[in-house]
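Structure, as structure tokens:
Note that the chains take the letters A, B and C in the order they are written out, and that residue 1 is the start of every chain.
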Amino acid sequence: MTTESTVTPQVMQQQRDRQAQQDRLRRWLTEAPAYALLGAFSLSAILALIWVLLMSLRPVKELFTYGAWALPKEWTLQNYVDAWREMRVGQYFFNTVLYSVVGTVGSVFLAACTAYILARVKFPGRNFIYYLFLISLMIPGYLAMVPRYFLMKNLGLVDTYLVIFLIAWTGGLSFNLFLLINFFETLPTELEESALIDGANAWQIFWDIMLPLARPGLATVAIFMFMGQWNEFMTPLIYLRDASKYPLALGLQILSFGSTYSATYTKLFAGMMLFIIPILVIYLVFKRQITEGLTVGALKG
Amino acid sequence: MSRRVAQLASWLMIAAVLVGACAPVATPEVVVQTQVVKETQIVRETQVVKETQVVVATPAPKKVVEFASFWSADSPNGREMIALGYRLEAENPECDFVFTEYPGAEAYKTVNLRAQEGDPVDVYSGGANALVPGGGDEWKAGLIYDLAADMAGPAYNPDNGTWIDTFTAGARFEMEFDGHVGFVPANQVVLALFYNKALYEQYGLQVPRTWEELMANSEVLKQNDVASIGGGGFNGYVSYWYDNILYRLMGNDRMYALYNKKDPNIKWTDPEPLLAAQMLVDMIKKGYAIDGFVGGDFAANQVAFFTGKVAHLYIGTFVMGEVADVIPDDFQFGVTYFPTVTGYEDKTPYESLAGYTNSFGIFNAGQSARAEHSTECAVKYLKLYSDKDIQAGLVSSLGFLSAVKGVPGPSNIPGVGELLTNQKEGWPTNQAMYYNLDASVRSKMWDNVVLLASEQITPQEFVELMQADYDAAK
Amino acid sequence: MLQRELRKLVIPFLGPSLALYLVIGLWPNLEAFYWALTEYDGLAPIQTYVGLENFSTMLADRRWWGAVNNTIYFAIGTIITLLPISLLFAILIMSVRRGREFFKTTIYIPSILSVVIVAFLWVFLLDSTIGLFNPALKALGLTEPLKQLLGVNSLNWLGHPKLAKPTIVLIQLWQGLGFYTLLFLAGLAKIPGELLDAARIDGAAGWGLFRHITWPLLFPTTQTVLLLLIINGVQIFTLVYALSGGGISPLTQVMATYIYRTAFTDRLFGYATALSVFLMAVVMALTIVSRELTKREAIEM
């Protein structure tokens, strides 16, 4: 008697559970291929990095004795030490940091100044200059490769740090301007007006009022410039001669294929890790800005 | 906060500009004036404005000998070259040795560009692609110092006679051209067929003397699922196989004439170049070559041999320096001559080795706007390097094959000494075309061989392409 | 008032960037059209005017047309793989309930890596001696079936004429997938949720929902992605260069690498510039054509 009244909710509960279970199962079944595909790709990216890491932690002789699939039997950091010192990866690393930081700071500053003028100041010829800057977006970089090389050569700039900076500063200018002008245009005028009334001069208006407001836009530009500079390959390939000025991308290329260091794969893998880690950390820290900035950049351009 | 960051940023900018601005200071300012003449020509007048040197009363300025090294300063080779530099400075107080690194396969290009721009290094240590005397573009442009007069003078140790006499005949063949001497050999390389002794014993194979025997061995290995032919990978290494087959078919003189466009009656469309192409393709079609033979990583291709994954490797003796770290301790291998072809045995002596010298070239300091460089010091450095006793020391520490007469061979290639002792003919690989033809011919030939080896073109098409490229070559 | 104050900044702000841009950015592009009509080896004091000779040389240069052919292969191969797969991945990521952030993060990792690193990674992964791939296939007994399936006598991924080009396309797919997936995700995020809900209430689901709602609304994104793929595809350089260590075989030679080799190895600077003028014309033509084609289709929608 008492059982009947208690069983019914239990049965209902069981039915509900079963229903929910079936739903879960169905959902899981429909989503399984999605998970499989996405998972496989994600795994390939992660495993590739782990493989490079493992390879960099074993002596080279082991690689040839046990093959690429074997885990290191003897763990060593010697490859990193050798790569850093002997193979000049330390020098390349320093150069890469220099090119990335100076290239980024310079081009962001240049683009911010220029974008501010073009976005907020009315003066004769403004539109003409604006379009002049945008022309470059249409032209593939290879067109000017040879004339620009000889321009730099005649200026005595080939094989200097400055040439890398100059090309970084001007290379991304058009695109950065395009992004930042759009950004500055969205800022309200009232702030500038009231700053002027408070006695600020033009520089103060720009530096103290507008630039802080433009920070999100500047951050986007900066992150992209930095990642681009970190990975830059062609400019140093064309303009640099002296290996002591090479960035990592070019230095590793030389280490990999120059017969000087053949068969020192594990050291090369150590060099690769040193190249990957900073950019990976930056990516994981600034993930949101990078993914958002990316879509802003690409979809507008 | 943001202000701080911005300030910091602007300081960084300024610092960057300063760093960058300092870099070009060392180079003289070049003023280029461009004016249009007759609408059809641009004449570039290059005026070099020299830096005014402020000479304070100090000891006489030292003369720089800048050594552009293919090796890193911390490598065994680099350390030896620097040690020699110290010795040079100790013996010649007026010389100042400077070591600059130019690593990588394309480094020679970089160094040559520096020379063209009037700021050459003094000594360049090149690999096989480096400065070749006689016909190279750099030679023609007058960028390379002619060592003929110095070579006629005494060696570092006058007891050894004149400098030129200290070198082996094979090396002299490459160094001398029309009475000029283009470079000092750093070492010499001979190419040999390396074979895996364990695999040969396991399958009861005999060391091949003819191409047919090599192919028969390859068939046995293939049946047992072992790759036979290794040593490709890099475009040029595939070409080595073609060169060698052709050498066996044509003989040295006719092949030299063909490669260097010396005789209009010898053409690529002749029977031998076609047959050589067919033989190469045949070998690949039968599946005897290792997977990466065309287009793989060439170091990996070499490693494959030393780890027992492929039975043969046709490669230069330089390989030992590259793979020394990875050879398993119990690995047994032998070296032999490249096989002859049945029916063509009379064309070449069986005991012949292809080879070349790695070179130390000197750039004309006269080209340089910088007066502080010294060709004399460069010559002294190279004399020191090629001294017989010093070479013997270098060979024992670095293990290369010396180009100086009477220096013992390296111990790490069993049997190579015997091959050299019995050698009846030495011949240069396809680099010999540098002597007479423009350098792009070689990369074009490599392109064609890759197309051939990857069965994109037929042997007939290959020889036709070669002929077309040769017709166009200067 | 404000404008008058701000105008003080025009010269100091615009001056440097405009000067740099005109001299380094824009001028060499214009100069290129003259260079294309000359012959110069970088050594001689004289740059010789040769008229259209470089262009007639180009017409007869079979290596160049081989490179053009390969470039077209890579561009089309990348478009037909990357476009649908990245769209699919974007939809899959939207559809899964868990791990969305994780997939977004990991999928983008290959895209942040330097092309040089990606190239090394694959050179080594695919190498028959030290790589992971071929030994694994052999262990699984798949080597022979795969050879038969592909109709090749060796699994020489980067060297076999039948495999080299598809392999490079797949490497590009691996590296580019994250980037384009994120672009599509951004596009999908812009589609108003109410619209999709309304469509679902009307009974649209699965393919119908995609065909009639998602696809047309996503069209601007698709257009952008297509344009980026074309422009980047035609200009591919670093991957091909780094995969081969500069010794590029004619099997994978592309326009950009051939231009680089012509200029800096063969020292035919005038001819190289003529080739880059041609490359520019191709990029511009493709941009216009693809814009026009997709525009028409967008109207049909």
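Miscellaneous remarks
Keep in mind that, in the parts below, a contact is a pair of C-beta atoms (placed from the backbone, for glycine too) under 8 Å apart; a residue touches a chain by one contact, two chains touch by 3 or more.
All values derive from a computational prediction rather than experimental measurement.
The touch graph of the protein chains shown is complete.
In terms of C-beta pairs in contact, A-C outnumbers the other of A-C and A-B. The distance from the centre of chain B to the centre of chain C, with each centre set as the mean of the Cα atoms, comes to 35 Å. A separation of 17 Å divides the Cα centre of chain A from that of chain C.
Separation between the centroids of chain A and chain B, computed from CA atoms only, is 38 Å.
In chain C, the residues touching two or more other chains are 123-124, 130, 245-247, 264. Across the assembly, chain A contributes residues 63-64, 166, 253, 257, 265 that each touch 2 or more other chains.
Counting partner chains per residue, chain B has residues 105, 113, 303, 307 touching two or more of them.
For chain A in complex with chain B, the residues that touch the partner chain are 60-61, 63-65, 85-88, 98, 101-102, 105-106, 108-109, 153-154, 156-162, 165-166, 207-208, 211-212, 215, 241-244, 253-255, 257-265. By the touch criterion given at the top, residues 27, 31, 34-35, 37-39, 41-42, 44-46, 48-49, 51-52, 55, 63-64, 67-69, 110-111, 113-114, 116-118, 120-123, 129, 132-133, 135-136, 138-151, 166-167, 169-171, 173-174, 189, 192-193, 196, 201-203, 205-206, 227, 230-231, 233-234, 238, 248-250, 252-253, 256-257, 265, 268, 272, 275-276, 279-280, 283-284, 287, 290-291, 294-295, 298-299 of chain A touch chain C in their complex.
Interface residues of chain B, counted against chain A in their complex, comprise 2-3, 6, 9-10, 12-13, 16-17, 19-21, 23-24, 27-30, 32, 70-72, 74-75, 100-105, 107, 110-111, 113-114, 117, 127, 298-299, 302-303, 306-307, 318, 322-323, 325-326, 328. Every residue of chain C that touches chain B in the complex is listed here, in rising order: 38, 42-43, 45-49, 63, 123-124, 127-130, 134, 153-156, 158-161, 164, 244-247, 249-251, 261, 264-267.
Interface residues of chain B facing chain C in the complex, by the touch rule stated above, are 39-46, 105-106, 109, 113, 116, 137, 141, 234-236, 285, 287, 289-297, 300-301, 303-304, 307, 309, 439-440, 443-444, 446-447, 450-451, 454-456.
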